[in-house]
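Okay, so subunit A shows up in both of these, paired with subunit B first and subunit C after.
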Partner chain A sequence: MTSVIDYTELFLTAVVYTIALSVMSIIGGTLVGVVFGFLSARRLEAPHWFRAARVFIDIYVRIFRSVPPLVLMFLLYFGVSAAMNLSISMTAAVVLALTLFVGAYQSENIRAGVESVPRGQAEASAALGLGIFSRMRYVEARPTFAVALPSMVGQWVVTIKDTSLASGIGVVEATTIALTVRQATGETWLVFLVLGVTYFLINRGVALLGSVLEKRISRSTSRAQSRAALV
Partner chain B sequence: MLDFSILIPYFRDFVQALGLTLALSLSGFAISSVLAALLLPARMSSVAILRRLTWLYVEVLRNIPVLLVLYVVFFALPQIGIKTESWVAAIVALSFNSTAYLVEIYRGGLNSIPQGRYEAAAALNLNSFTLWTRILLPEALRTAYPAIGNQLVACVLGSSLAVLIGAGELTGLAYMVGASTFRYFETFLTVAIVYIVIVQVINFCWGKLGAQIIARNTSRRL
Partner chain C sequence: MSEMLKTPVVSLKGVIKKYGSVVAVNGVDLEVFESQTVAIIGPSGSGKSTVIRTINGLESHDGGEIVVNGVTLDGSKSSIRDVRNDVGMVFQQFNLFPYMSALDNITLAPRRRQGVSRLDAEAHGMELLEKVGLKGFESRYPSELSGGQQQRVAIARGLATKPKVMLFDEPTSALDPEVVQDVLGVMKDLAHDGVTMIVVTHELTFAAQVANSIVFMDAGVVVEQGDGDSLLRNPQHKRTIRFLSSLNASSFD
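Presenting the complex of A and B:
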């Protein structure tokens, strides 16, 4: 039996890999969420093709909120390569699965944020002749993120936790290595304790980052409002 | 070429696995709804130590992966003499995880009740039993209802992790069938569709049930 200490370096490398997977999936999920959320929100004075986009996005959200991310990973990694003679890397399968899964939740978060923008602002934007995309950027973006950010950060934490599922298809990340070390040393409790503390710290760090972002966005919103009041 | 007919011989196995998935997720959800209700008074207690301990439980369980909880129950607990079958471990892990979320959902529901309700109840000289059963709980339930439904769906999705400790629920069966037929795409796609259908049915029923509960509460009060 070897000692747990011998595996420090291996474990740290795996933690870095967990973080890399998380960052990629968080970026993917957030991008999908922002694009789909802004396109699918019900609002006044929107172009007609938004209605078609909403139908499509509703179907996407319904489907991908209902499939376990582990099944998505299996489907992408084992299934796609078996059926289409197309080899997809483990990392790509994990990131794509988490992007699709978390993207569905994020787009609901963002959509709720956009829909919380008072209707008067839509009328004002139309009166000012703002196009839909300038309206998103200059009118809706701030209040949307002010409302949606807490639940978005919640989904970031979910994403980080769900990267542990990558161990199911054999990606060499923290959980996989923890299982390996457990097998090699027999120190089940110690290994799981270290793994738990690692995830806990990463997630608390992200939550902290989220609250910093929230403060900044609420400060910049109130500053923008007081500037507007002066004009 | 895609060929779904290879799944036909496994039809009975899939029905059984579906039953196990439903059993795991529904019992995990049921147990955690009760546990969360028991922990809620401690979470909102004026006794600091109770409040801190439940806070710690919630924070830890919400910040570590369910998979790790599952591994602790299945691999670590046997070392201190608590040995379980894989399906029991799955239910226990799901319940522990879901309890943490439900405590916070319940708490959010109670916290959303405006202060005026308590003052009105005091003014009407309602006793605390009536206050809780007729005013606070129905109102908190109405606020928390959609989030509780989401947690039920999370339990269904979470039950899929049981494949990693060798339980034969839907995902586990798909893995096995995929390995023996090499038809991974067809099996996992089929199972994904089954999950989608389960979740849509749950969402539909949960919505109907909620509409009824709310209608009954309102009519009784009027």
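Presenting the complex of A and C:
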């Protein structure tokens, strides 16, 4: 039996891989969520094609919130290659699965944010002749993110934790390596303790980043809202 | 009389608006000529807001014809866009954008819709702020302004796109009594400057002093229309008389 220490470098490499998977999936899920959330929000004078898109997005959200991300990974990695005779890399399968899974939740977060913007804001935008994209950019975006950011950061943390599911298809990320090390060394609780602490630290980092972002948004909006409670 | 020869800036003929089975506006005719101020009065629920909201396409109409500065509102996107280019609007609840300074509220549409440069838009915006009595308030956020100040910024925002006509939907109804006159004063100035205005209001004194014509609406129709002297002092219809006496009774409580 080898010592746990011998696996330090391998483990660190795997942690880097976990972080890389996380970053890609977080970006993917956030992009999907922002685009789908802004498209699918119910609002005054939404263009007709937004409404058509909403039908599709509603179905997407319903499906991808109801299927476990691990099953999505299996489906993409084994299923797609088997069915279409097309090889997809493990990394791509994991990132795509998490992007689609988390994107469904982020889409709902953003949508709720857009729909929290008071109707009068949309009426004023319309009366000023602003198109839907100007309205999104200049009128809806800030209040939307002010409302949605806390739950979006929550989903970022979920994304990071769910990269551990990639061990299910054998991606060489932190959890997979932990399992390997445990098998090779016989150390169980030490290995999983280190693994747990690693995820904890990464997630605390993201949560911290999130609260910095939230503070920045609330600082820039605090003047906007300082008297809102009195009005 | 000469104005009769001109074409109206805003013309409504037999305009109808339904919400399901509720007929909110039931055949309204209205003509507003350049530099005129028309006041619309009437009890709550009589269709005043609905009428002026059809003029810039915030509500689509189900019948009749609306022409604004030569453009017929036919439900098409382009007609709505063209009309909104010519119409400014001020709401009862101000509806300023809370995440923008007063000046940014005013310059948003000129810059982002009309392609005016930042420099020009801000120079014009500063003039408008001065006009509404808010010189030096350009970097204030809406939350840092009183209701009356917010409404005056909203008026400046409406004017910023250089519209042919300004719509006001009860612009002073949400204000504390002591600032109502500030806002009405600004509107009076605009009328004197020749801005074409349609104003839904319960301020009869303002209507009498400023409006070239007062329209009394009830139950979705125009019951009576006339200048301040004839309509307010010598109303012809029972419903007008009843409405005016109810207003007088409540305002002199």
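Simple rule for what comes next: the second predicted complex is superposed on the first by the 221 of 231 C-alpha atoms of A that agree within 3 Å, B and C clash if a C-alpha of one lies under 4 Å from a C-alpha of the other, contacts with A are read in each partner's own complex, and residues count from 1 in each chain.
What we mean here is this: a contact is a pair of C-beta atoms (placed from the backbone, for glycine too) under 8 Å apart; a residue touches a chain by one contact, two chains touch by 3 or more.
If you're wondering where the values come from, they're calculated on a predicted model, not measured in any experiment.
J.: So, A:A83: does it touch subunit B (first), subunit C (second), both, or neither?
T.: After superposition on chain A, A:A83 lies in contact with subunit B alone.
J.: Contacts for A:A184 in the overlay, against subunit B (first) and subunit C (second): which applies, first, second, both or neither?
T.: A:A184 contacts neither subunit B nor subunit C.
J.: Quick one: classify A:D162 as touching subunit B (first), subunit C (second), both or neither.
T.: The first partner, subunit B, only.
J.: Figure out whether A:V139 sits in contact with subunit B (first) or subunit C (second), or with both, or with neither.
T.: Second partner only.
J.: Just to be sure I read the superposition right, which of the two partners does A:A127 touch: subunit B = first, subunit C = second, or both, or neither?
T.: The answer is second: A:A127 touches subunit C but not subunit B.
J.: In the superposed arrangement, does subunit B or subunit C reach more residues of subunit A?
T.: Residues of subunit A touched, subunit B against subunit C: more for B.
J.: A:R62 in the overlay: touching subunit B, subunit C, both, or neither? Say first, second, both or neither.
T.: In the superposed model, A:R62 contacts subunit B only, not subunit C.
J.: Overlap of the subunit B and subunit C footprints on subunit A, residue-wise?
T.: Common to the two interfaces on subunit A: nothing.
J.: Going by the contact rule at the top, pick out the subunit A residues touching subunit C in the complex.
T.: 118, 120-121, 123-124, 126-131, 134, 138-139, 142-143, 220-221, 223-228, 231
J.: What part of subunit C is in contact with subunit A in the complex they form?
T.: Where subunit C meets subunit A, its residues are 56-58, 81, 84-85, 87-89, 91, 93, 95-100, 108-109, 112-113, 141-144, 147, 157-158, 161.
J.: Touching subunit A in the complex: which residues of subunit B?
T.: 2, 60, 62-68, 71-72, 75-76, 79, 153, 156-161, 163-164, 171, 174-175, 178, 182-189, 191-192, 195-196, 198-200
J.: Under the touch definition given earlier, write down the residues of subunit A that touch subunit B in their complex.
T.: Subunit A reaches subunit B through residues 62-63, 65-72, 74-75, 78-80, 82-84, 157, 161-162, 164-165, 167-168, 175, 179, 182, 188-189, 192, 195-196, 199-200, 203-204.
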